[in-house]
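Chain IDs A, B and C follow the sequence of writing; residue 1 opens each chain.
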C-alpha cells in the first residue's frame, strides 16, 4: 500500500477523530480493517506482540473506567475507541518509513526539525536500549535477585533497569546531539531529502477521508 | 568445581554457537577463556552462570546439574562480572552496591557488613564506601563490579572482558587484585579475554574457542611457543614470545628476554 | 614543520571542574599518522575535542590560548564548518550514527551543507567503497555488524574529504583481527588520500606498523611530542609513560640499555627478530 506519508498522517489523525463521531458499528468495522491490514503486512511475532500489548493496555483502561463507576457499555466503547486510535498509529508506522513521516511533518505540517528528527532517533536507539536493559536485568539476577514468582514480582524487577538506562540514554543522546551538530543538522536537513509526490491513490484516499469525516452533516440524508 | 559436558547450543536462527564443548575447571584454578569475537566464549561463560541453558549436554557446578537453576540460585557459588560497568550499577553508594546481593539474600546485618568490608579490601576500594558509583573512575567502577560479585563469597569468579578499555597501569592493578584473590583466598578465576599479554602473565591454563569449537586446553606457554595455529584462531602471540622463540631463547616477559639475550651471548 | 593543527598555550577546564588541559603547545605535522598516548584521565579525549573546536565553543568551559586548524583559529567557527576539515570519531561511534540506512548516514553531512543530491550520491558511493562496504547504501543499520557500523561512521567522515581525521580509541573493544583490519584500512586511506591522522590509542600494538609521530600526555600536559625515532627513548625513560609504549619498543630500549647497542625502530616482531639474529644474538636459530 504505497501511500504518501502525508496521506497516512491525515488518515491517522482522521481515524482518531472518527472514533468520537461515528457509531459503534463503524468503529468496530475500522478495528477489523486495521487488524486485517496489520496482519497482511507483517505476520511476525513482533507484530502480534505489539497488537497484544495494545490489547492488554486497552483492557486495563476498561477496568479503570469500570472502577470509576462508568457502565459496562460506556467502558467497553471507551476501550474500543482507545484501541482503534492506537492501532491507527501502529498501521502508519508499519507501512511508512519513519524518515518519510518526519519529512512530511516538517514540510507540510511545519513541525520544527528537532522534533521531527526525534522520531528517527527514537527508532534508532530503541533496540540498543532493549539490549542494555537485558544486561542490567542479568546483572541483577547474578547478584541474587530471583525472577521466580508472580507476575507482579517480575514487573518489579524491571524497576532497577530504569536508572542505568536513563543515565545511558542521557549520555548517548549527548554524543548524538554532538554528532548532529558536527554534521550540520538544521533547517536544511529535510529540505534536501528527496520529495515524495502525491499520487492518484493518495487523492482518492484523502477524498474518502473527507467524506467520512463529514458524516455528521450528511447522515441525515441516509435514511431519507 | 565447574564442568561442561558435551555442550551444544544454537540461537533460534539455527546457527550453532557451541559444538560439543567439554571442559572441567577445578577449584583454585586461574583459567583464561580465549577466542575471537563470536567464538562462543561469552556464551559458554553465561551457561556457567545459568544465564543461558544448553540445547544438549550438562553444566555441573560442584557436581550438580544446573539445568533448572536461574542465576540467583548460583550467586553464592559463582560470581559473574559483565563487561560494561555502568550497566551493572544498581545502587547509590559503593557500600550499598556491594551490599546489594547480601541484602537480596536477606543475610543478617552483621554478615552484610563483614562481606562488604572484605570485598572492599579485596578490590582496593577502601575509603570509597560513601561515593556515588558513577563518580568513580573507569578502573574503579570495574573493580566495584568485581567487589559486588564477591559480596556473597562465591568460590568461582567469572569475568567477561574486564581488561578492555583500560590503560596498561589500570589493567595491571585489576589483574594483581585478581591474582591475590586466587592465590590467597583460593578463588577460581575464569577470565574471558582476547588479550594474550594478560593470559601470558596471569593465567595458568588457557582454553581456546574458535567458531564454537574448543581447539586448545592447556598451558599458556604451549599456546605461545608451540606450533599452534594461533593466528587462524584469531589470536596473536605476545611479542616477547615470538622474539624468544625465533632466537631460540626462553622468556616470559621483557626483562627475562633482555637478560637472556645478554647472557645468551653473541653467537 | 608544516602543521595542520597548532595548539598554543592552551588551557581548558569544564564548568565546575579542575583544569583538564594545561599549557598545551602542540604541532601536528601535515600528512603524519600521529598517535596520542597517556594514562587514563590525562586529558586525551578533551584534547581531541579541542582540536575540533568542540571544546570550548560547543561544550562550554573556561579556556586560554588558541587552537589553529589549517592555519585558521577555531575561535568563532561553527563546529559543523570545522568538521568539514577535521573529522572526529569518538569512542562511542555507535551513538554518532544518526540515520536508519547506510546511504543516508554517509550523505547526511553533505546534504546538510547544500551539496547537490547527485554529488552527494557519488561521494557516498566512493566513500562506502573506500571502507570496504561497496553497494550497501540501502542497508539498514541493524543489518550491519559492529565492525561494519564503525566503517560506516568512517565513511561518513570520508565523504566530506577532510584533511585531518581524529579517532578516539577506535579499537578499544575489538579482538585482534578486528583491530588489525581497522588500522590496515586507516593506513590505506592515509596513503591513498594523504589525510593526516591523529589517533588516541591504548592498544598501541595495532598501530605499530603505521605511526609516524608520537604525543605523550600526562596530567593534562604534553610530556613529549615528535617523530617516533626521536622521542621513543625519552618516553621510555619516564616510568609513568613507559608501559604505554608498544611492547616491542620497550624491548628495544631495554636491550639498547643492556647491550649498549642501537637498533632500528622495529615495526614488527619479525623485523626485530631478523635484526637481532643478523647482529648475532640468540642461539643462532635462523629464520
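The rule is short, and it goes like this: a contact is a pair of C-beta atoms (placed from the backbone, for glycine too) under 8 Å apart; a residue touches a chain by one contact, two chains touch by 3 or more.
Small disclaimer: the values here were computed from a predicted structure and weren't measured.
In terms of inter-chain touching, the protein chains here all touch one another pairwise.
The interface carrying the most C-beta pairs in contact is the one between chains B-C. Remark: subunit A and subunit B have CA centroids separated by 43 Å (rounded to whole angstrom). Separating the CA-averaged centres of subunit B and subunit C is a span of 30 Å. Contacts from subunit A toward subunit C in the complex involve residues 97-99, 120-121, 123-124, 127-128, 172-173, 175-176, 178-186, 188-189, 192-194. Residues of subunit A that touch subunit B in their complex: 132, 135-136, 138-148, 160, 163-164, 167-168. In the complex of the two chains, the subunit C residues touching subunit A come out as 52, 54, 58, 79-80, 83, 88, 90, 92, 94-100, 104, 108-109, 111-114, 117, 141-142, 156.
Residues 36-37, 83, 137-139, 161, 164-170, 172, 194, 197, 234-236, 238-240, 242-243, 246-249, 254-255, 257-259, 261-262, 264, 266-267 of subunit B touch subunit C in their complex.
By the touch criterion given at the top, residues 49, 51, 70-73, 75-76, 79-80, 82, 84, 86-90, 100-102, 104-105, 134, 148-149, 151-152 of subunit B touch subunit A in their complex.
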